[in-house]
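Read the structure below first, then the notes.
Lettered A, B, C and D in written order, each chain numbered from 1.
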Amino acid sequence: MNPAIRTSHGNAPLDKHGIAALVAGHIPDGAFVNLGIGRPTLVADHLPPGSGVVLHTENGMLNMGPAAEGNDVDPDLTNAGKVPVTEMPGAAYFHHADSFAMMRGGHLDICVLGAYQVSSGGDLANWQTRAPDAIPAVGGAMDLAIGAKQVFVVMTLFTKGGTPKLVRECSYPLTGLGCVDRVYTDLAVFDISPRGVSVTHTFGVTFDELAARLDMPLLDGTNP
Amino acid sequence: MNPAIRTSHGNAPLDKHGIAALVAGHIPDGAFVNLGIGRPTLVADHLPPGSGVVLHTENGMLNMGPAAEGNDVDPDLTNAGKVPVTEMPGAAYFHHADSFAMMRGGHLDICVLGAYQVSSGGDLANWQTRAPDAIPAVGGAMDLAIGAKQVFVVMTLFTKGGTPKLVRECSYPLTGLGCVDRVYTDLAVFDISPRGVSVTHTFGVTFDELAARLDMPLLDGTNP
Amino acid sequence: MSTRFYTDAGEAVAEIQDGSTVLIGGFGMAGMPVALIDALLQQDAGDLTVVSNNAGNGDTGLAALLAAGRVRKVVCSFPRQADSYVFDELYRAGKVELEVVPQGNLAERIRAAGAGIGAFFCPTGVGTLLSEGKETREIDGRTYVLEYPIRGDVALIGAYRADRMGNLVYRKTARNFGPVMATAATTVIAQVREIVETGALDPETVITPSIYVDRVVQEVDQA
Amino acid sequence: MSTRFYTDAGEAVAEIQDGSTVLIGGFGMAGMPVALIDALLQQDAGDLTVVSNNAGNGDTGLAALLAAGRVRKVVCSFPRQADSYVFDELYRAGKVELEVVPQGNLAERIRAAGAGIGAFFCPTGVGTLLSEGKETREIDGRTYVLEYPIRGDVALIGAYRADRMGNLVYRKTARNFGPVMATAATTVIAQVREIVETGALDPETVITPSIYVDRVVQEVDQA
């Protein structure tokens, strides 16, 4: 990780835009990135002009532009969330098998995903809860989880009920095994590596407060 | 097979152009066809104008035209034998994996190949003799052999030394198992099917003469 | 063999029979062959297996086919959507089977069918519910799941332009599943917005060559 | 990460090291990255494994690399040609290893490497010398051979045009192996005839998106 990342800490929890801005700041210039549906999509709004970051959408496009409005809406041009989008100069279109080959072949630099749970070993659960009448629907989540060189998760650290979403073992059905590299939350950023789970940033909490609320060993990476 | 095919018989052996013309006459209008390097290429010269037969070349093109001459020679446009060719209206280009997927996925109607030997079970040997200093080189032969809906072989029925090339079991290394549907030779045309090997045409020989020279049971399909 | 052109979508889909597996292109509405699905609804083939990314939206298209009780099974990556209530209700009532397939596996399995691949070891879904009971293998230190081809009796796809040979081009992200589905079905039926003369498409830009296209229907402008 | 542009082919290939596996595009001379191969000849990496459809023609390009003793092994479909005498002699003298791969397997194995496929059951070569010792399996009544991906440390490919992002288009049958090789190597180096501004290529026609292209060198016209 860029050492500069470790030095920024906040005194208040981040809102979803704050998280998105933080992620955007950690994406290297020129990276090829897929932003999952929902909160991850917000990251696009915080990418600095001229960053050269190229957005991939798994329904068959590189160099996707912002959401389309008014006369720019074209039913033939949507993102993976089926929202009308625009095309940037240097765009390329390809079919679904080529698009997922690009993903599954490990060519994307970063994929940003939402999650229900992430385990201390980097397992991701983001496609299904165990709600009694849930209809299973996975979309591209499992491909995204295992394909990119780095997988970043954005989520709140706790459910509305106060239960941690960063856990020893996921209780929800898994999307991918050991695939998450970094977890961005309202209260902290976590690096997951073979060494363990390291807290690199905190927002409005201390390392010790976090450690007390999460059921796993944490490494303190906030003051390297 | 088109019943009309069974009615034409010749009184003299065919030369290579005669064989090519016969094959061309048996290719249905609008068929998608790959012609192997060497003698099979001659078939193109005998396709009637307006047949709508579309030629595939495995180096990435459908609707290949005749060999290029003079100013039409373009080093970026060759056939599988690396001979400069031309493009017909309605052509399409694709990369090698797509081209062989087209072949291996069974989308070509007919592939015409040369052969060293064909067995009575339809095994094909056309990529390597057992010459002591032979360097193995297979190209697309094995893909062509197993990919097309029908595989036609064109060859002389006997070697220069008089040994049959239609045999019970191939002695040369195989290209594909049970893949040949029909064998066009200077002396006869053979259909290979689960029922056995059937002689459908003879040229300058009788069925009995053929049967005497080939070491396999033959069905007489010359007078249906 | 040569592509045939139809002015009537009903005629183009008339031969689809009971029990067929139907691949349906499109991702949301982009590339959705609406006219062909509507025509399929007008004939009476039932007991269908539908392979498509989603399981219908609102009350039209695939949702209408489902509502009419014509679909036995849906193979898709993402049935549940804001407006997938027709499917949702049938599924909860046990009136339609569902096979959920990760989207990349869906695309690659369809491609495999078209490319003559017997099966492939795939990195997606390892260790998840969607690979339960499937063969796995470690290759070069990574675990893969063995996935099999998905073939259709029929593919219904939407494209942008066809030439008179049946070569197809697509437009923007409406390309999606069309090109792979076109390789993987016995009969491929494309609806297109425009038909141009042979020679009018740049051969470098043809995405689905005519060899894959059995029938072409031009969309009638609804406006 | 972003594609880098070079005016000097030597600089573009400078980092290729001893023992590398080098995928080299082209089918005959069409799509052959001659300038890149010549530049590789000028630096001193040896013990190379070269994956290419052929094994060199005449005395230039790959043949020159072979003649210079820089290649340990050739993986190709068709080494033997009218003018492959450099390879022929080395092979007969036991000075170069050869792995002959059916051309479709070569293309599909390279694609598999780029697409994250661990291995695939393939219909080509069953029952032949080229599948001896390989795992086979009957699936739905047909026998297949298990084939593994072919990855490169480097791919050298020839394309027609690049834009300033590194998107590539090809020309006619010179496309051949370029697009799959571009997906299957750690470092992909393309030589192109022309570089155009970003936005000048129609996004529908881009065959190799910039994500796959690390370095671009414009060919210097020899005329």
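Rule of thumb we're sticking to: a contact is a pair of C-beta atoms (placed from the backbone, for glycine too) under 8 Å apart; a residue touches a chain by one contact, two chains touch by 3 or more.
These numbers were taken from a predicted model, which means no experiment stands behind them.
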item	value
Length of the shortest touching-chain route, chain C through to chain D	1
Any chain in contact with chain A as well as chain B	C, D
Inter-centroid spacing, chain D versus chain A (mean Cα positions, whole Å)	35
Chain centre separation in whole Å, for chain D relative to chain B (CA means)	30
Residues of chain C touching at least two other chains	108, 111, 115-117, 122-123, 170-172, 203-204
Shared-contact residues (touching 2 or more other chains) in chain A	61, 87, 93-94, 101, 104, 147
Contact graph of the chains (line, ring, star, complete, other)	other
Complete list of chain pairs which touch one another	A-C, A-D, B-C, B-D, C-D
Chain A residues within the chain D interface of the complex	28-32, 52, 54, 56, 61-63, 87, 89-94, 101-102, 104-109, 147
Contact set on chain C toward chain D in their complex	108, 112, 115-123, 137, 139-140, 142, 144, 148, 169-172, 202-205
Chain B residues touching chain D - in the complex, by the definition given at the top	57-61, 74-79, 82, 87, 93-97, 99-101, 103-104, 128, 133, 135-143, 146-147, 173-177
Contacting residues of chain C [partner chain A, same complex]	27-31, 77-81, 87-88, 91-92, 98, 100-108, 110-111, 122-130, 160, 170-180, 207
In the complex, chain D residues that touch chain A	1-2, 111, 113-117, 163-165, 167, 183, 198-199, 201, 203-204, 206, 209-212
